[in-house]
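One chain, chain A, appears in both complexes that follow, with chain B as partner in the first and chain C in the second.
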Partner chain A sequence: MMRFLLLFSRQGKLRLQKWFTPISEREKKKIIRDMTNMVLARQPRSCNFLDWKDLKIIYKRYASLYFCLAIENQENELLALEIIHRYVELLDKYFGNVCELDIIFNFEKAYFILDEFIIGGEVQETSKQIVNRSIEASDMLQEFQVGASTDTSPMSE
Partner chain B sequence: MPAVSKGDGMRGLAVFISDIRNCKSKEAEIKRINKELANIRSKFKGDKALDGYSKKKYVCKLLFIFLLGHDIDFGHMEAVNLLSSNKYTEKQIGYLFISVLVNSNSELIRLINNAIKNDLSSRNPTFMCLALHCIANVGSREMAEAFASEIPRILVAGDTMDSVKQSAALCLLRLYKTSPDLVLMGEWTSRVVHLLNDQHMGVVTAAISLITCLSQKNPDEFKTCVSLAVSRLSRIVSSASTDLQDYTYYFVPAPWLSCKLLRLLQCYPPPEDGAVKGRLVECLETILNKAQEPPKSKKVQHSNAKNAILFEAISLIIHYDSEPNLLVRACNQLGQFLQHRETNLRYLALESMCTLASSEFSHEAVKTHIETVINALKTERDVSVRQRAADLLYAMCDRSNAKQIVAEMLSYLETADYSIREEMVLKVAILAEKYAVDYSWYVDTILNLIRIAGDYVSEEVWYRVIQIVINRDDVQGYAAKTVFEALQAPACHENMVKVGGYILGEFGNLIAGDPRSSPLVQFNLLHSKFHLCSVPTRALLLSAYIKFINLFPETKATIQEVLRCDSQIRNSDVELQQRAVEYLKLSSIASTDVLATVLEEMPPFPERESSILAKLKKKKGPGAVSVTELEDNKREGGELNGGGDRGPDTASTPSPSADLLGIRSAAPVGPAPAGAGSLLVDVFSEAGPAAPSTRRHFYRFVCKNNGVLFENQLLQIGIKSEYRQNLGRMYLFYGNKTSVQFASFMFCVVALLDTWLQLNVQTKQVEPLVEGGAQIQQVLNIECLTDFSDFFQPTEMASNDFFQRWKQLSQPQQEAQKIFKANHSMDTEVLKAKLLGLGTALLDNVDPNPENFVCAGVIQTKSQQVGCLLRLEPNAQAQMYRLTLRCSKDSVSKRLCELLAQQF
Partner chain C sequence: MKRLSSTFMPSNWLSRAQRWRKELDLQSTNLIEVCMALTVVSQIFPKEMIPAILPLVEEKLNHPKEIIRRKAVLALYKFYLIAPNQVQHIHNKFRKALCDKDPGVMTASLHIYLQMIQENPEGYKDLTGSFVNILKQVVGGKLPIDFNYHSVPAPWLQIHLLRILSFLGKNDLRTSELIYEVLDESLRRAEMNRNITYAILYECVKCIYTIHPKSNLLEKAAKCIGNFVLSPDINLKYLGLKALTYVIQQDPKMALQHQMTIIECLDHPDLIIKRETLELLFRITNAQNVVVIVEKMLEFLQNSPDDYTTIDLVGKVAELAEKYAPDNEWFIETMNTVFSLGGDTMQPDIPNSFLKLLSEGFDSVEEDRKLRLFAVDSYVSLLQGETRKLPQCFLQVISWVLGEYSHLSEDHNRSTVLRLLEKLLDMKQTSSETKCWILMAMTKLCEGTAGVCVAQQVSETYISSMDTVLRQRAQELQHLSQDSELREEVLPRDSGLDPMEIDSSLSFLDEFVSGALAAGAAPYKPPHQRQEELAEAKVLSLEPYGLALPISMSSCSITDRHSPTPLSMSSGLSGDSTDVSHRAGLKLDGVQRVWGRDGYLAKKESVEEAAPVQGLTPVHSPSLQNEGDGSHSQTPTPTPTPEPDREKEQLASSLFFGVSSQSSVCLMGKPDSTFNRRRKAKVQAPGVTEQLSSSVAPVSNAVDNLLCNNLQDSNINSVSAASSKQTCELSPRVPAANGTCNTDCGLPESDRKRSNLSISRDNGLVDADSALSEDQGSRSDLCPSSYLPAELCGLYRSEIAPLCTAHSLELSACHVHQGDDMILIIFISNSSDSQVLQIRLDLKSEQLKVTCVSDSSVENIKSHTVAVYQYSLAVKRPGVDVEVDGTLSFLLPAGTPQTKHFSYKLPLTAFIRPLLISTEEYGTMWLGFSHEVKQNLTLVDDGCEPLTFTLNLLKNRLQLHLVEIIGLEGILACRLLQNQPCLMHCRVHAGALAVWLRSPVPELPDCLVYHCQRVLQEK
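Moving on to the complex of A and B:
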């Protein structure tokens, strides 16, 4: 299974963190630090896999963002790379040419999309169409309901 | 701010995020956050009831702040409120907050569980999925308690939507991993297995993760999945790339599902049914064939997906290790990848070949790639690839290529990355020892190792070379000559000085005939290094000097001079000073005969497991040692994992109390610590706080009948015991380790009678005097009134008898079960020895799974007999055990279970 997924920028700014097993906040911070240090220090054209403790770290850079996925030892590295890629495709399809800013400003959406794709560290649905359809369906549900409720004042700060 | 904000944009949130991004400093950011937190707090506390939208927005802001790395200590209640909103968007944010920030606040968990329960029974698939995602994300025990029985029902119900089934399967898997005891598949098993036949590929993809995990834990109950998995795999493998529509990924049909099917099959041995097996072999061949076909796309995603399946298939082939033809094909395929332009593939091929190297069928095929691998070690740009190449060289090494591989690894060490040097050094040392045909090569190799990477040569490595040289007289002269030459180098590593000092001190005489290495030359050479060395090395050199005085009387005056000078005899370091004083005195007053006896050549070391191999294992975990290596060691009679049984360290601190026996010199025995089991033992100490070490020693004797119970610098207590039915006799041996007499020596052995564990203990008082170096014996006669594990009598029985009795003992209180992590070696032979040591009969061919152990025995007491059945299921992969005990008397199962769980 997958243990965690981190998205961070080239400057080491964390953009998304998903933990598939319970970990203390302190431990999370330590892992985030380790991952950004390790991955950002890699030379270009190195392989995408690293050993770290008893886990394998699979990372890949898309534009300014690094995707870093930790999987258990017996898992398939190449497939993990494609899990990252499929997630990027899903984000891309939803946001249309996704960029780092989309993920910063719509972090909750990035989480929702991930939940449709992966649950409890295992792939739930690999079909791009099905995942997108269910995300769009819930967006429809949102728009409909937001439109229907008149008592909200979006400007209130 | 981006123009597009999909769904319901929360403008307030976007503004806040921009503000944070515009902060020029960390301080400014914190200031802005604190302002926002104050604002949200006042809104939440305010009199005016917040509408759903505002609540959602503020909860979302809190979440953002938390994800930035700040602590959030409020807002949980508002998030929980959102869960019961009937607006999807609010519910969703509520669940997200809970998933990310949940803590085990029991009050909240109850409320959360309530909301989840409502959503699960809402029959609205989107709501149900949200609730399931939340359970999977949190996965706490409380949630397992609340939902573990509900979710299987949802999973197999005929009217459940596909998307809900998928979420339910993975949610259940998550709960099973946190609380396996709460997830009982029982009646659902076969319907869950049949999800492999589901029409919806997404359902199969999700369900198979669950099935794989359950199969690992209960292979028998799930074994029908093998044939289903094979036929599903065969349909995918033979389908055209367009058949599976959206489950085709870059022209590869269902790569995720294929890999998961292949992984599931790795939980089982090859299928017994010939037809199923034939179909599977066909699949594997097709996968290997496809690897040779030209790619359908130039995209890396295409080749990754295709090769992911290929590697998984190769893993299965290696797992079966029974199809020579496939193994060799796999090896050839990996050989091609070794020269692939994709770094990832080279890396994986090296890694995968490591496991192929340990199969007897493919070992030779792997060896043919040696040149490519050596080349990889020299030329790869990426250190992690070089590391894999080094691993593979180590794995493919045998007598035929050891010299070449060791030479290559040594030359690589000169430039190796610091991160992998220590491991490389260990590996070179191990290979050199293991495949040494002539020991001069071994000595050369180790000395080279010290020369090239001295800093990374651990004690184990240089201790080992000394052990070997001392044990083999055919290499001693050569070793002396070689270290002598190595020490000529103007800058040589301290480890070289240590080895040099030791070896010349023992065997310097073997080269003293040559005037170029006359005794005085040797001494001067060693002494020229003295001042550059650390204290331990200097201490070693001083010992070498006194040995020189014995070996070469002509050096006596010179060496005495050295010992006598202030820097030695008045050295501020106590150890050095003491050595200098004592050696000086020894050399001046002892006769040559006495000197020769005291400073005799070291006797051979007892043969035992190579300390460096143990170190490598410790470093890399048990998986690091290849199969061939383990076998080699067994053949040589080395005990691999004897660590657990090794005698206690002589330096162990005195520890006052333990469960079994209490001994204290002179002082009376105090009351037993509350709840401390049966008998109290207090051991020779200034009554410090209870240290765990003696207790640990006690537990060693659950599966062993003799050994050292306690040892410190003054005293050693040994124990030997024998048991027949309800009678036992225990011998205690008290050894005085000092040279002086122990006067008024008194041992109180006190038995504290526990309510259920009752022993009658009779002792004879021992003599109050123990001479220096002497050992006295005390006998304890023990009668077991109720049950006590050492009074086991083995009971042999046949398989059906066993199961019949097992079923008879089916009341819940008669059974005790424990799942625990392995504390010691999981080696089969070690386990067998422990179970036999316990006194039970080990029954073969009872458990359908040969990995498991089944035992039966009777505990004899004065008044009754208690029958005990035991089942131990090791899971080597997870390094876990499951231990189940069924006894005819309730309390016994529980007590034994706890006692035994610490033994494995």
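Moving on to the complex of A and C:
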């Protein structure tokens, strides 16, 4: 099972965080700090896996963004690397040549895609087409609802 | 919108609002809304809310859209992880999901199966065929193209299945045989150079080494690991090392094959590779290479980056040092480094066990004295140097050792030591806890006028300290330093040897407690109970508004229920506060060793037992150079330049020294060598369990040792042995084929031939088997049921179930309902012709209170008779099933002590009795109970009165009392022996039976609901 996924920039700015187990806010802050410090300090072309407490940290850099995924010890590290890769592909497919700015300005979409791909720390759907279809469908619903009732309370956005 | 963030805290109002929102969404007709609701449900979800939402999610399992079904399955998986008992009843729905026509839903259901099979592989063996079939189809590319990932068919699914299969096939030849073919196929198909195929390969390799071994697969797996380890890709190298670490305990030869790569990885610039390599070396450490390996580990520790690694590695070094230390000096010095590097973060049991080891000593008094003396000397010289950097826990160890043993040293008189300790006291880094240790040490040491003088001075400084403990120690020091006779009595020298009697139940306080209770004091509640009661105040109410409350209480408010329960008085005079039976550490007595150096050890214990002593000798690496060189030529690494090469070879030879010999020692089931005494002294050997008799071991070890030393000096002399060894060494890739050379110890090394060896092993097996079946035949004469005590005949009792067999003894047991008592009866039948002596039966259980009620404990059992033991059981902590663990120890005719472990499981329902109360009493009791569970159960329909029929069914099967049925509601009551009530309220709602249970016992409602489900499902 996965424990959390963090996306941060080369400067250590957090761009996306997803926690699959309940963790207190303080603990989260500490983890984020640890992760950015550890991952950013890595030399290029070294191993993509790290030990952290009893977890394995799998990280990979795409352009200016670091993707950092924590998995439990008995999980398959290579597979985790492919999960990161697939997520990047999904983002790429949705945004078309995705870049850091896409995620900054459309973070809710990035979360949507992640929720369709991974549920509660397990991979749910691996097909690019299907994930895309359900994202598009929910986009439509959102537009429809916003159009239909302008006074809908904006609960999160 | 409904983008609900994943972070929600169970107890705030927002989450409650969200929950209602979700409930609405789940009932919505809009697909996407339902999808989203399910997505939210499967995020972090508070346990208390599951019952409210479960029926809605269950419903979605039958949704026509596959995406909804899949999300529902995943949501249920989440629930299963959080609260397994609550989804117990939908297991057959999981099966339906497994057979779903949509592969996505099936994939989702595998999450649950992986979890369940991991917990209980026995229960799902029948599914092996289906899983194998699914994997075959996946590997064969039968899935829609949607599931491909970079043109590899459904890799996630494949890996899941491989993992499930490895759990199913573990230690099970029959199941493993079903798996071999598809594993071979997977290995063959996964031959593209992609990360994802490597991930699959890695999983295959792990599976192959987990299930019952098969030689050609092992060969392929070994090749795979080789490719991984040698790969230039650093990630693959890491995985290769990880796989090697996994495999190496079973097949140490793999390490020899890759030794040069391992050496290279040890100097790798990437710390994580280094770390993994050390992990690997840790697994192959033995008495011969421990010095080099520990050195490497300490080297890593010097510049270790984080605390977590330090704690872990320090623990490992300490373990190795205790187990394999070659001599006293090395041991003490290594432990010194451990203490100073580990600092105060390390596990507290390291200093504890170190001190225990020093005080308890080993076999010889002289050795002990030397070790202690050396420790004292080394600490004195440490204290004479720079002390500021030493961690507190090291200082505590030092002061204890100096206090206890500095009288052994002639070089240092007491006043020097006292002065050194005084210096420590004055340092401002020293914590007050450490100061207490130091003062204690001084109390032991102050003798003579100079000592008393120092002691007086010190005690005056601290006697007015703010720290009470410190002040106490200062007082002690002051008084004892003046009165040397009293001191001799209080702190006798060398007192470590006789164990102290500790009354852990604090029974001497009973009178005080009962006096206080009589005077009106509140009964003691253990912390967890207090916590629970606190938490109750915050518990969310789950009943949707408008749901009718149980009969006769609808007008009362729910918050009333915290009124003190009448039964909580029993919560503890004294006694169960300390559970002495809990002992730290691994219990390996009952664990069978199934893997050996050359693969699977198919039940060879019996053969080994008879093996003569000299069996061990030939395998003990006739020449280590030989092994080293041999496998070096096999490693396909490009040969480095000669100079560093020689260095590395040297390192290799020291690292891998005795790797194979170590395994041979282990094979004999007796890993303790003479070097090993430190650990041996630590672990209390409770007689020898079914293995080599202890008298044989030291002799063989001595021979072993001698031979080893001889060979080290002159390995040319042993050419003949070496050459024969080589024949075995030449084919390290066929582990199963030459597997027997070190296990069949009876044969002299020189005239061994592989082929007839395996035959001899087979014969051994057959013999053992036939002997076993004969045994069983003779046993059946003694039918235990006829030995049932007369007063228990005619009472309701369970089937007599066999528990275990040990030599000629056979244990079986049953439980009898005797009114309000539950009696466990254990039969021990002796089917041999000789008497079995000194039988002792110890039963213990975390969940049950076991009291012996047999009139006299039978100690000896004559041939062909049955002894009967009676125990009365009472529930301490309810569970769905409750279990009793037992140990049987006895003396064989030959005089060797034997022990055997067994366990007996009985359902909680055995302890349930009807509780006869009226509706009014029910109403008042209901309010008093704080622990509750709600669940929807199936309503069993007999045609006319489903509610009455279902409740009667429950009443009869579970021994409940049906209080009353009014319209669509019914109430039942029962009690758990002796007197713990549980009330049940049932209501027909939407074709299901909504039950609501309450009890003062936390676990009881949950367990009872489980049994209700079982009963209704069986129907």
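Throughout what follows, the second predicted complex is superposed on the first by the 143 of 157 C-alpha atoms of A that agree within 3 Å, B and C clash if a C-alpha of one lies under 4 Å from a C-alpha of the other, contacts with A are read in each partner's own complex, and residues count from 1 in each chain.
Here, a residue touches a chain if its C-beta (ideal position, glycine included) is under 8 Å from a C-beta of that chain, and two chains touch if they have at least 3 such contacts.
Computed from a predicted model, the values in this text were never measured in an experiment.
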{"item": "First (chain B), second (chain C), both or neither touched by A:Asp102", "value": "first"}
{"item": "First, second, both or neither for A:Lys53, with chain B first and chain C second", "value": "second"}
{"item": "Chain B versus chain C as contact partner of A:Glu125, first or second or both or neither", "value": "both"}
{"item": "First, second, both or neither for A:Arg45, with chain B first and chain C second", "value": "both"}
{"item": "Residues on chain A lying within both footprints (that of chain B and that of chain C)", "value": "21-22, 43, 45-51, 54, 76-79, 81-82, 85-86, 108, 111-112, 115, 119-120, 122-127, 129-130, 134, 137-138, 141-142, 145, 152, 154-157"}
{"item": "In the complex, chain C residues that touch chain A", "value": "1-7, 30-33, 35-36, 39, 42-44, 67, 70-71, 74-75, 77-78, 104, 108, 111, 146-147, 149, 154-156, 159, 195-196, 198-199, 202-203, 234-239, 242, 269-270, 272-273, 275, 306, 308-309"}
{"item": "Interfacial residue positions of chain A with respect to chain C in the complex", "value": "18-22, 43, 45-54, 76-79, 81-82, 85-86, 108, 111-112, 115-116, 119-120, 122-127, 129-130, 134, 137-138, 141-142, 145, 152, 154-157"}
{"item": "Touching residues (chain side chain A, partner chain B) in the complex", "value": "1, 14, 17, 21-22, 29, 43, 45-51, 54, 74, 76-79, 81-82, 85-86, 94-96, 99, 101-102, 104-109, 111-112, 115, 119-130, 134, 137-139, 141-143, 145-146, 149, 151-152, 154-157"}
{"item": "Touch list for chain B against partner chain A, complex", "value": "1-2, 4-12, 14-15, 17, 21, 39, 51-54, 60, 63-64, 67, 69, 87-89, 92-93, 96, 100, 126, 132-133, 136-137, 139-140, 163, 166-167, 170-171, 173-174, 177, 201-202, 205-206, 209, 246-247, 249, 254-257, 259, 263, 301, 304-305, 307-308, 311-312, 343-344, 346-348, 381-382, 384-385, 621, 877"}
